[in-house]
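Each of the next two complexes has chain A plus one other chain: chain B in the first, chain C in the second.
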Partner chain A sequence: MSRVGWIRLAVLAIAIGLLELCCRLGLIDQRVVIPPSEMAVALVRLLISGEANEQIVRTFGIVLLAALISVVAGFALGAVIHALPRARQSLDPFFATYYAVPIFIFYPVMIVIFGLSAIPIVLMGVATAIVAMIIATLNGLDRVPQVLAKVARVHRMGTIATALRLKLPAAAPHLFTGVKLAVSYAFIGVIASEFILAPAGLGRVISDAYTDFNNRQMYALMLLLIIVATLVNMFLHVVDQRWAERRGIAKP
Partner chain B sequence: MIASRRVADTVIILIILLLAWQALHQLVGATALPGPVPTLAYLAKFVPSERFAENAWATLVCFFYALLLSYGIGLAFGVWMGIHRLSGAVGEPILISLYTLPKVTLYPVVLLIFGLSLSGRVTFGAMHGVLPVALLTMSAIRNIPPVYHKSARTLHLSGWQTIVTMLFPATLPEIVAGLRIGFTLTLLGVLLAEMFAAKQGLGSLIINAMQLMQAEEMLTVAVVLFAFAALANALLLWIEHRLHHRV
Partner chain C sequence: MTTAAADADIHAALSGVTRVYPGTATTPPIHALGPINLELKRGEFFAVVGPSGCGKSTLLEVLAGLQQPTAGTVMFEGRTVAGKVPDGIGVVFQEDASFPWMTVWDNAAFGLRRNGVATAEIRRRVDDALAFMGLTDFARAYPAQLSGGMRQRVCISRTLVLQPRLILLDEPFGALDAQTRLLMGDEVLRLWRRTGATVLLITHALDEAAMLSDRIGAMSARPGRFLDIVVTGWSRERNSKIVSEPQFGEITGRLWENLRGESLKSLGHPGMAAG
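For the complex of A and B:
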């Protein structure tokens, strides 16, 4: 690992160590924050006991489903919009504003329409993630070199064959950026919805544990969520960067 | 010409959104989702009322403090990490992974520390806004072309002159972009905090309306917030474009 990497690790270790020390010394009330070591122990116990397995599977399943829907539908919509320049121009202000609007204000509307089930949560996940994928698709298709379109014409490829065998691979690095964003946005959308109101799921269990002053369970599950989200995001980030380098569009 | 076309496009999108709303209303029924017309009628009645004013004011105050914190802390960190290369290299990945984290997860901790108070909501809002401001400020400073530094040295500018005539104008457009995203996310954070646990504010108004099955009030608040966020974003985007084309 590089020097910078070691320093980063040291910074994180010191931060966690300080938190542990403050908790142990009583500078931070244990009713507010429990020491990180106890969080880890609580998490391991919880995982071994298997009590929360159902909720864990449920939440991560919903995140996965929402991300999948967003990626597939986002790519399809992006491809269609890209083919219609006039529609795309009109949609520009919409895309520019989309993430400025806190979409969670529409979550209660979804609950009223679809009832308190997994459907509104999946929809919120898709709603937060899909537009990032559409924008990334548009960006990616913009950067497909003109010459490839000519190649397709020379080979008399159909529209779908051109899209799948030529445009898709050429736009792939940008599309992957969309996938990365879609996954992390789906995470945020699903978990936030579960926090606000949900029949089950990790967000619900954490917020219940908070209301019950069950700090051990709360911090254990928080730690789990943070670890999983960080690992997934880091993995996607690394793959994204590799891909970008290989295609010669290295990002800073 | 271009401006008028943009306005036309925006109007078209608004009309399409209203039509989609109406169609959904026809599909799911009036109790679940009132149509645009009754909602807008309710809006005209509700917005001037005392209750709305109180809650909107609570949200605005909270949002204002959160925004101050986001901008202050975000800019300070961004400038520090932009100028000091090593801290930037060490801190950037940490900030990026915090940025992608679902921060709602941490709201109970904020609540345990601050209780159900204004400071809790302000902190939570600021937690959302700080990161984009810091990251974009940092990259703005890093992306200054080296030739600017050289010309500042050639002209024997003092430290202060360098900041005012070179650093500040060169980084402004990108920093404004960071401030715009920070604005958006701070608003999101404040509203999420209010939706999860608060006795006042527009976020709690939405949740209350949902529990009382007052779909009209719920939609009204959502429409008002939508309009506020969209207008503020349009204004900031406009400033950003002006800054980019100034040179």
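For the complex of A and C:
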């Protein structure tokens, strides 16, 4: 691990250690926050008991589905919009202000239309994530060097071959930024929707645990969400770094 | 020489070629090029020099089939070039056109793989081209790990493996420092001698044109036309050492004489041309 990595790890360990210490010394009321070690123990017990497995699979399945739809549809829409400059001119202001609108206000409408099921949650996940992917696709395609189009013509490549063999790989670093954002936003969209109103899922279970003062379950599941979201992001970050290093555009 | 023999000797030709970029609601049409008449002899090294914006690159792209001429005809090996790049033409661009996601070896093999060439043949040609361009030790490197000159050599290798009969070089060393440009010039001369291809080089550097070419076309300011065709008279075995010969100075002097006024015109100072 690099020196920066060790420092990062040390900062995290110190923060967790401080929280543990504050809880153990009574500086933080354990009825409000339980010590991180107890959160971990509660999580292990919960996983071993299999009590929450169904909810875990459901929620992460929905996140995965929402992220996949967002990435694929976001890329396709981005590519189409990029090919239509007038459409892009019209839509650009909407993309610029999209995340200024609290899109969760549309969640009740989705429930009215699709019922209290997984569909409105998937749609909220997609609605939260897809625009990040569209914007990343537009940015990526903007940055494809013009000379590559000429190279494609010299090699007598058609439109699809040019798009898949040259433009897509050339835009890939920016697209990957979109993928990272889409996954993060899908997590937020899905968990937040489950918190608000859902028949099942981790968000719903955490919300129920909060209402029932079941701190152990609530913090255990919160820890699980933090661990999974962090691991997924770390994995995507490592892949991104490797690609960036290879292309000589390594980010700090 | 008979007419048929003379025709066979002409590898590519532009006759009466003009290129006008259409205007828009707010901008008038731009007459970028022509009329241009040019015959490239098989196996010759021809350079085009001219002031910025005179249409040099447009000329190359029209000859390559990357742009349609507004008027006139373009011929390559006896066939009309119309709207697409004919087989047998290779182009190296000024911009870095290497693929950053591929290794040097894969960059060089790109065109051969696209053409469905057998694996063993791809390996032979790519290894040979990389050895010729001095890139064997960097075959597994990515373009980001190379200097600008080496990246341009990767692009030349990618063109070279396809064994083009006409190589078009669009200011390929424009982004390089003067010393590297001279050395790259030697590389191009070696490449030209080995392949026997016809080469058309677009450059803004008079010394580069004088050192590399059999003939040099000096172009006017926009719309670009040939003002003069200078025959250098160098032997085929030349290299960058000829820059110290008196004849080299005479050639660059003649080119500058042709181009000084045109360059001032392109800068918007025609009155200074006589000074």
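Methods note: the second predicted complex is superposed on the first by the 237 of 252 C-alpha atoms of A that agree within 3 Å, B and C clash if a C-alpha of one lies under 4 Å from a C-alpha of the other, contacts with A are read in each partner's own complex, and residues count from 1 in each chain.
Keep in mind that, in the parts below, contacts are C-beta pairs under 8 Å (C-beta built on N, C-alpha and C of every residue); 3 or more make two chains touch, one makes a residue touch a chain.
Just so you know, these numbers come straight off a predicted model, no measurement behind them.
On the shared subunit chain A, the superposed partners chain B and chain C are arranged side by side without overlap. Comparing chain C and chain B on the residues of chain A they touch gives the larger count to B.
In the overlay built on the shared chain, the residue A:1 is in contact with neither chain B nor chain C. When the two structures are aligned on the shared chain, A:225 is found in touch with chain B, with no touch to chain C. In the superposition on chain A, A:155 makes contact with chain C only, not with chain B. In the superposed model, A:207 makes contact with chain B only, not with chain C. Applying the stated contact rule after C-alpha superposition, one finds that A:191 touches chain B and leaves chain C untouched. With both structures placed on the common chain, the touch criterion links A:166 to chain C but leaves chain B unconnected. Contacts of A:101 after superposition: chain B is touched, whereas chain C is not reached.
After superposing both complexes on chain A, the closest C-alpha pair between chain B and chain C lies 13 Å apart. Annotation: chain A has no residue touching chain B in one complex and chain C in the other. Across the complex, chain A is touched by residues 61, 64-66, 84-85, 89-91, 93, 95-97, 99-101, 110-111, 114, 142-145 of chain C.
Across the complex, chain B is touched by residues 4, 7-8, 11-12, 31-33, 89-94, 96-97, 99-102, 104-109, 111-113, 184, 187-188, 191-192, 195-197, 203, 206-207, 209-210, 215, 218, 222, 225-226, 229-230, 233-234, 237, 252 of chain A.
The residues of chain B lying in touch with chain A in their complex are 5-6, 9-10, 12-13, 24, 28, 32-33, 86, 89-91, 93-94, 96-97, 100-109, 111-113, 139, 142-143, 180, 184, 187-188, 191-192, 195-196, 203, 206-207, 209-210, 213, 215, 218-219, 221-222, 225-226, 229-230, 232-234, 237.
On chain A, the positions that touch chain C within their shared complex are 145-148, 150-151, 153-157, 161, 166, 169-170, 172, 243, 246-249.
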